[in-house]
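Shared between the two complexes below is chain A, which has chain B as its partner in the first and chain C in the second.
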Partner chain A sequence: MLKLRLYVAGGAPNSVRAIANLAAICKEHLHSAFKLEIIDVLKFPLRALADGVLVTPHLAKLSPFPAAKVVGNLSDRASVLTALGISE
Partner chain B sequence: MAGMANPLPKIATGIGGFDELSRGGLPRHQTTLLKGGPGSGKTVFALQCLVNAVRERRERGLFVAFEESTRQIVANAAGFDWRLSALMKRKLCFVDARLAPEVVHSGEFDLSGMLAMLKAKKDELGASWIVFDGIDVLLTLLHDPAAEMREIYRIRDWLVANQMSALITAKTNGDYDFMQFMVHCVVDLARRIEHGVSLHRLQITKYRGSDFMAGEFPVSFGPSGMEVAPPEPAEIRHQASTERISAGFQRLDTMLGGGLFRGSSTLITGLPGTSKTTLAGKFAEAACRRGERTLFVSFDEGAEPIVRNLASVGIQFRPHLKSGLLHMYSARTESIGAEDHLVKLKSLIRDVRPRCMVVDPLSAIAKAGGLSAARAVASRLIYMVKDAGITVFITAINEGDDPSTEATDLQVSTIADTWIHLSYVIRSGERNRALTIIKSRGTWHSNQVRELILGASGPVLADVYSAGGEVLMGTLRWEKEDEERGKTLQRRAEFDHKRRELQVSEADTRARIKAMESDLARQRTELALYSSDNEARIVSTTEREKELHRIRGGDAAKANGSNGSRSSR
Partner chain C sequence: MNGRILRLVKSGPERLALDSGEIDAVLDPATRTAHLLPDAQRALMLGGAQPANSLLAALPRQDYERMRAELEPVNLVYGDVLYEPGERVRHVYFPGDAHVSLLTVLEKGKALEVGLVGREGMVGMSLALGVEDSPVRALVQGSGTALRMKAAAFREELSRCAPLQREMYRYAYDKLAQARQTAACNRFHQVEARLARWLLMTRDRVRSDHFHLTHEFLADMLGVRRAGVTNAATSLQREKLISYRRGNISILDREGLAAASCPCYEIVRKLAR
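Let's turn to the complex of A and B:
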């Protein structure tokens, strides 16, 4: 099962857009076979830092192998799909 | 602006020289931009500021690295005596902020999350300092000049809100010029290759609300980190000692009017092979014999060969090296820039604390990139050594035999107190060394040329004969000396002869006096005898006359007295 974690910075415009973009991708390509955790780095900054997150928004694909990281508001859907290993 | 009512609070960086240039360091709670090309020393500058803040003022610092990994940075700093790993536990925190190359980019991102995380880290650590090292690396990932500017302003606002003293480093090639307008202070670092040697330069181009020294200054890297060479102070303050110390051997001291002044500088110029090193070695050995700590710096020649070569002319370094009085340092000039040599010598002087010092040959640093740099280093070295009250012997090779060509090279002859020139005099198939004292400040010195002879017991100065306006050396001098010796012998023989003659005639006279004296004595005796005889004769004559008269029965009155003969007349 696809496990994803999205790091956002509260209500920052790019973070809000990333959530929306990811939701759309999930809805169209993943149906229900995924697990998504959203972490607000404003609330858990040290955890995010420990996770190696630097800039936001930051999407991490935790499983299955291989792991992947996507940085940005996820507006470029094609690159997100490639990174997550989803074929259109 | 020095007279401002409220001077900008500044923090010393601990970078030698920089705090003087910036009149106190970097602005507190403000941002400084360090810009410069790759390898210009931005990271070292930033890290050194942080290390100094941690060590000197017990501050805490965050180092956010966008370009290099923490491991790389720590490894690069291992050459400095910062003991980074000890500080890294709780005082100095590195944040690896590199975006891995495998990270996929999709749309715009921003630094609001990062700054939130850094704030949490800063609060956890209690940091008052932050470094953003290589911010340009992150900014270029935004692929949008407007976004870059927006994020830079986001950082600035964050720094102001958090009252951080910050350093931002960036490779700038005109892309991020706008950053200069939002920071308080801009420091330009540059690395250039001149004559095959890389030279570092630093320049403060902006310092809001503060005075600073404008202009480019040489930068060097020593054991304690970066060092900026401030310009020489306009005022020269050297103690002028009247104490005389030996320049190495007595004859030279005599020529110098009694030796060198303590704390003075002596320049020895000459062609290769004119025994500059020997002279310097003799000076060093004499210093060691007086029990003074001595530093012998040689360029482009190892300590071992120097010790061996000097031993062949009776100058013994080994016992002094063993006792620790003598410290030798050899360097290859072309390996590092002239500035770096100066830094190295500075730290050596600090460690060795010499009273006497030799730099052989100083002219070699001209090879260490750029004549102007070498000149500056040469004069700064002399001033530095004089400031420390060290008596120094500096040798310099000059290309021609004209001593003034040296002056056009490193231009140290004007700074040096004493200038000894060694040259070759070639005549009658011989090459002989000649020593001349060109100048010696504040003291009488011989104006005569002397021949320098290297014997097994060290250098010796011999008188030079001038015959018909020409100086005689080597064999000619020896011949002249021989001739002089011959003349002396002849004169002595003549004198002896004359004396003997006089002695003989004196003895003769004395003998004659003696003979005459004995004559005199005899004559006196004779005279005495003659007188008494006559008396006796006169008496007896009278007696006989009386007797005769008595016998004849003559008139008694007529016979009374000796006038008998008169009456008969």
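Let's turn to the complex of A and C:
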């Protein structure tokens, strides 16, 4: 099971875009075989800092090994798929 | 956003994403807070998808999106004067939760309110009708947020955006109808009924039963002496329709207050959407 965590800044434009882009990728490639947690850094900055997050949007792949991350609004689909270990 | 925050992002994919405008916020370990970048902050202040102001909300999405670049969020503070009569209109204002009173100023500082603008409207209508100077004093009566637009940008937008023109004409018609009604109302209706009407109009614009208005202000609104306001307010209080203490007004019984108001309240309310 793929475990993902997406750090966003409330309803800011890039954050909204990142959620939409990720949702589309998950729908197309993962069906229901994933767990996604979304963390709003405006509400929980300490949580993000503890996880080593520097900017948002930030997508973290937690498991399976190896861990990976993508920063930005996730509009570059290919790099998101690579980071998640999904082959097109 | 200060330079120190941006310098936190030195290199790597974070820097690349920042430079290509894909970042909303930077986390600062020193202050343990998230700092929004200016574009993100602006977007959040503008209220995301749906603007608080009804004129802007009535525009097609793509027109509003285009206008957003020219809309600047501002805080309007009670007592601010946006224009004096005869002064050049430099900005138009689309109130969110602020509301602004329009006053016609006569000799010796006498003033009479001729319009009230809240989230349903716009301040600076003269510009939409091709007149560059304000005919009225625009006085902020309820502190709150608004979006403003420079006069030149507004004129340009108006010249190319048919939906904006339609909204402006419709709103101008509403204001004209309201002024006609108010002219008759001021001449024929009792102060108490007019005060009731005016409190209801304020309530509709601030969308709250509680607001702050000084005696002096109410006297200007109604074109009467302060003693006249005191009598009218006392009478509404006695009927338990409002409470009024040191300028803090609470509407206790909206239905009762509507019954105490002159019919002008309902007539004008039906004209405006």
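Just so we're on the same page, the second predicted complex is superposed on the first by the 88 of 88 C-alpha atoms of A that agree within 3 Å, B and C clash if a C-alpha of one lies under 4 Å from a C-alpha of the other, contacts with A are read in each partner's own complex, and residues count from 1 in each chain.
Just so it is clear, contacts are C-beta pairs under 8 Å (C-beta built on N, C-alpha and C of every residue); 3 or more make two chains touch, one makes a residue touch a chain.
Quantities reported herein were computed from a predicted structural model and do not represent experimental measurements.
In the superposition on chain A, A:56 makes contact with both chain B and chain C.
Of the two partner chains, chain B is the only one touched by A:21; chain C is not. In the superposition on chain A, A:48 contacts both chain B and chain C. Chain A is touched at more residues by one of its partners, and among chain B and chain C that partner is B.
When the shared chain is aligned, chain B and chain C each come close enough to touch A:71. Look at A:8: by the touch rule set out above, it reaches both chain B and chain C. Of the residues of chain A, those at positions 8-10, 12-15, 41-42, 45-46, 48-49, 53-57, 69-73, 75 touch chain B in one of the two structures and chain C in the other. The residues of chain A lying in touch with chain B in their complex are 7-10, 12-15, 17-18, 21, 41-42, 45-46, 48-49, 52-58, 68-77, 79-80, 82-83. By the touch criterion given at the top, residues 8-9, 13-14, 16-18, 20-27, 29, 32-34, 36, 39-40, 43-44, 48 of chain C touch chain A in their complex. Looking at the complex, you find that chain B touches chain A at residues 95-97, 99-100, 102-114, 116-117, 119-121, 124, 138, 141.
Those residues of chain A lying in contact with chain C across their complex are 8-16, 41-42, 45-46, 48-49, 53-57, 69-73, 75.
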